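Some structures are shown below for you to check.
Each of the next two complexes has chain A plus one other chain: chain B in the first, chain C in the second.
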Partner chain A sequence: MRDHPGLMTALLALVLALFAASLLIGPAGIAPAQALAALLRGDATAEALVMREIRLPRALLAVMIGASLGLAGAAMQGYLRNPLAEPGLIGVSGSAALGAVIALQTGLAASFALGLPLAALAGAALAVGLLLALAGPRGGSLTLILAGIAVSALAGALTALVLNLSPNPFAAAEIVFWMMGSLVDRSMTHVWLALPLMAVGWVLLAGLGRGLDALTLGEDAAETLGISLTRLRLMLVAGTACVVGAGTAVAGAIGFVGLVVPHILRPFVGARPSALLPASALGGAAMLLAADVAVRLVLPDRDLKLGVVTALVGAPLFLHLIWRTRAEGL
Partner chain B sequence: MVSVNLCADQFALMLAAPGQLVSVTHVAADPHVSVMAAAARGLHLNRAQAEEVHALAPDLVLAGPWTSAYTVSLLRRLGIAVTVIPDVRTLDDVPDALRATGTALGREADAEAMAASFTADLDTLRAAARDAPGPRAVLHNPGNYTSGTGSMADQILTLAGLSNVAAEAGIAGGGWLALESMVMLAPDMVIGAEPYPGASRAEEVLRHPAARALAGPGRRALLADSDWVCGTPHVLRAAAHLRHAVERAP
Partner chain C sequence: MLTLDALTVARGPCTVLADVSLTVGAGEFVGLIGPNGAGKTTLMRAALGLLPHRGQSSLAAMPAQARARAVAWMPQSREIAWPVAVETLIALGRLPHLPRGAQLAPADRAAIDAAIARMGLESFRTRAANRLSGGEQARVLIARVLAQDTPLILADEPAAGLDPAHQITLMRAFAAEAAAGRSVVASLHDLGLAARHCTRIIALHRGRVAADGPPAQVLSAGLLAEVFHITAHVAQTPHGPVCQPLEVIR
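Up next is the complex of A and B:
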């Protein structure tokens, strides 16, 4: 807010407008005034049930998960100083989905409340730790992307394997959900399930700003400024694992948000990661809200996956970024 | 004789002479989806793949309309006769499917007797159900699938004395009904499917707070998939079960 009041206010207004749209758009076709009245009333009518138990958690999750992905994308890109780093593309979300699927199919998720998000967190932490170790501190594009492809492919294959081995005939059909993500039919239970770990992750990632700013001057300069790179890396891994794990556990793996949002916002905030982090959080929330409204407008009754929309926007941008990275000779 | 389709399996298990049927699909032995699971247990269980079916050297293979076209054409190229048992879309198709299986197995008389007894039972239930429109019910299958007018499920609801909410919403045949649309229709009863072991998001919808609020105690019925996954004469059991649930409902 302090650095770019205009941008932050605009983003906040956008998030609020899209949040309202998310509450007001849905297959039940409730008139806006009636919908808001039902939301505030919260009685036992069908309208109130739809607003409070179906649309509100959906909109809240879109904000929470979108902000998480935007934040994680900006933080990873800041640490690796590489605009191609994004939790979905390099397999962190996919590994979180694998953790979630294992927890669900083994019964771990049913046996204790936080089993599901914690298993997803473990998957995400494993992937992000492995990737940072492979890519090294400077995060060479080629190594990062190749390692990401390998981790994504492995996580995707293992997710498919676990779901195919499930005794539940519907599980295998849900491979698409885990790989593309969706917020259909989520409830407040899912909000409470994801929120604690996400909050921890937000705090960890938001605290990276100063360190990442220093890192733009190079590792040596950062260390002379009193930044511990080990601590920075640890906070990044833990924070990313928390937010991506918790989000993926309830909504599947949603790609490209962490790529698109920092890329669009970077020109507005200059080259300072500390300013990009909060802006990307708001931008991510706006993008996921918009995507979730779009899937409802295109196919109201069916469960079109969020990843379809985010990839349609994100994949061309990703190609453009690769093109530009190559032109710069990196 | 080998069957490679769950529905064909069950018709064949009902009609075949002892020893006539060598193999059925592995799902036919699963009581969750098959009413003939006990009868299937002694038989070889196949996974509907051409290679294993060929190895059993059957005189005839029974398939369903949804059996992989590749498998069917491959079996035919290997010189094995394949009979496709017609699909049962409504209750009125059940006798035809029975007769088709009977003809394939050379058990026409048994098939005819079973078809006649089914028709008689159906007529009895229809006569009993013909009174004032009953409670409004919605069918919720995993993944928010429902069945509207013209479907066998709709006929079963009518037989049980229920009026189908999906039909009110203009759904014909099978279709999707979003959870919030279902809540807005405010049905008196929610009829779901018995959950399978393991976990799935598709089944989780019935545990969603909004779905729970809709279907309080006595206003929810679970049907076993086995009773109506296929249009065997056992579908009438699903109707009877529902009718019982309606009578107990507050």
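Up next is the complex of A and C:
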């Protein structure tokens, strides 16, 4: 807020506007004034139920997950000093997805409401354990990437195996659709499940600014500026695992937000990694809210998946950015 | 300022640095010379505690925060990861002096401005640091080290890639730091610069100290032949000491 008040205010206003849009747009077609009144009233009317049980958790989850992905993406890019890094790189989202897929396959997801997210969180936790065992407390950033790629590949292979062995096409289709990512039919239970973990992750990631700034000068220089790289890496991995694991557990895999948002906002904060963290969190929330509104406006009756939209918007945007970078001769 | 006692670094079976003991006092500008692979970088990184080592180093024994206020390190690889403004990058040198989340104080600004003026970077202040030329980037990174405002500076080949005028400016800046009671240890490949500006030269050869003393004493024909396999014209002139390498001894 301090360094770039104009940008931060604009992003905050954008998030608030999109949050309102997310609350007010939906197939139930409630008039805006009525919708807001019902939301505040919270009585037993159908309108109040729609607002409190369907639209509010959906909008809240979009903000939480979007902010998480933006923040984790900015932190990951800052740590690896690479604009192509993204939170999924360390394999946590792939492993969380694997846990969810196993829950869907074994019927755990159907047997009780939180079966799927809890299985996904277990997958994420396993991935972090494996990652830290592979990359070790003293490993460098390269070891972390390689370990992350190995964990991702393993999770991907096991997910494919579950799909492969799936007894009927309906089960396979359910898994495939789940993996595309969506915020449809999520409840406040999902919000309360994800929020504590995400809050821990936000605190861990938000504390990285100083170390990430110092890393601009490389690992050796950062260390002699008093930054403990071991602690920084541990906080990054734990924070990313918390936010991405919790996000994937409740909404499935949503790509490109953590990659594109920091990239777009970097020039606006003078490329400073510490300033990019809060900006990217707001930007991520805005992007996911916008995508979730778009899902309802474009093809409302076809259940367009959120992850599909973010990738459809994100990939061309990313290509454009690469094009622009190339044109600058870098 | 810096005390090393039997500092030894082994990489697998080979010893890269063997039993180096030395002391650098206040006011010294030490030129660390030696052929490629002699152990100059290893010596400095081990002294900072960045490498696993045996023996003692006064810097490596310090807690990280205290060390960051005691010594500034300019690595050989000149990394500038993001297109941050030159003055923002130089301000990173103030990190060890800033409490968490604090803004730059007037004293910090003064140190940054002084470093910018020292390296002649006034006109670059707002330029993206990683889009400057190699030599300009080196000057920005040297300014960052100066802005850290520590009693000791360790620099790994700070003069590489600078034009003659900026090489001399750099050496004068370091000499001025030393004259003001600080200490500088810089690895150098240009023997002429080392002879002219350093108060003391340490020659490393195969991980050991081959010679240590004032430039005129260290840069002898015998040492240059043994360590560098070269002949050189070494002379005292009215303009100060001169060392010009001439031929390779086969």
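Remarks
Note that in this section the second predicted complex is superposed on the first by the 238 of 330 C-alpha atoms of A that agree within 3 Å, B and C clash if a C-alpha of one lies under 4 Å from a C-alpha of the other, contacts with A are read in each partner's own complex, and residues count from 1 in each chain.
Note that a residue touches a chain if its C-beta (ideal position, glycine included) is under 8 Å from a C-beta of that chain, and two chains touch if they have at least 3 such contacts.
The model shown is predicted, which means the values in this text are computed figures rather than measured ones.
Applying the stated contact rule after C-alpha superposition, one finds that A:Ala127 touches neither chain B nor chain C. Of the two partner chains, chain C is the only one touched by A:Arg266; chain B is not.
Of the two partner chains, neither chain B nor chain C is touched by A:Met8. Touched residues of chain A were counted for both chain B and chain C, and B has more of them.
In the superposed pair of complexes, A:Val293 makes contact with neither chain B nor chain C.
In the superposed pair of complexes, A:Ala72 makes contact with neither chain B nor chain C. Contacts of A:Ala171 after superposition on the shared chain: chain B is touched, whereas chain C is not.
The contact surfaces that chain B and chain C form on chain A in the two complexes do not overlap at any residue. In the complex of the two chains, the chain A residues touching chain C come out as 2, 81, 210, 213-218, 220-221, 223-228, 266-267, 270-273, 330.
By the touch criterion given at the top, residues 142-144, 175-181, 183-184, 186, 196-205, 208-210, 213-214 of chain B touch chain A in their complex. Listed in rising order, the residues of chain A touching chain B in the complex are 26-28, 30, 44, 46-47, 49-50, 53-55, 104-105, 107, 109-110, 166-171, 173-174, 177, 184-185, 187-189, 300-303. Those residues of chain C whose C-beta lies close enough to touch chain A in the complex are 45, 48, 50, 64-65, 67-69, 71-75, 77, 79-85, 88-89, 92-93, 95-96, 100, 103, 128, 131, 141, 144, 148.
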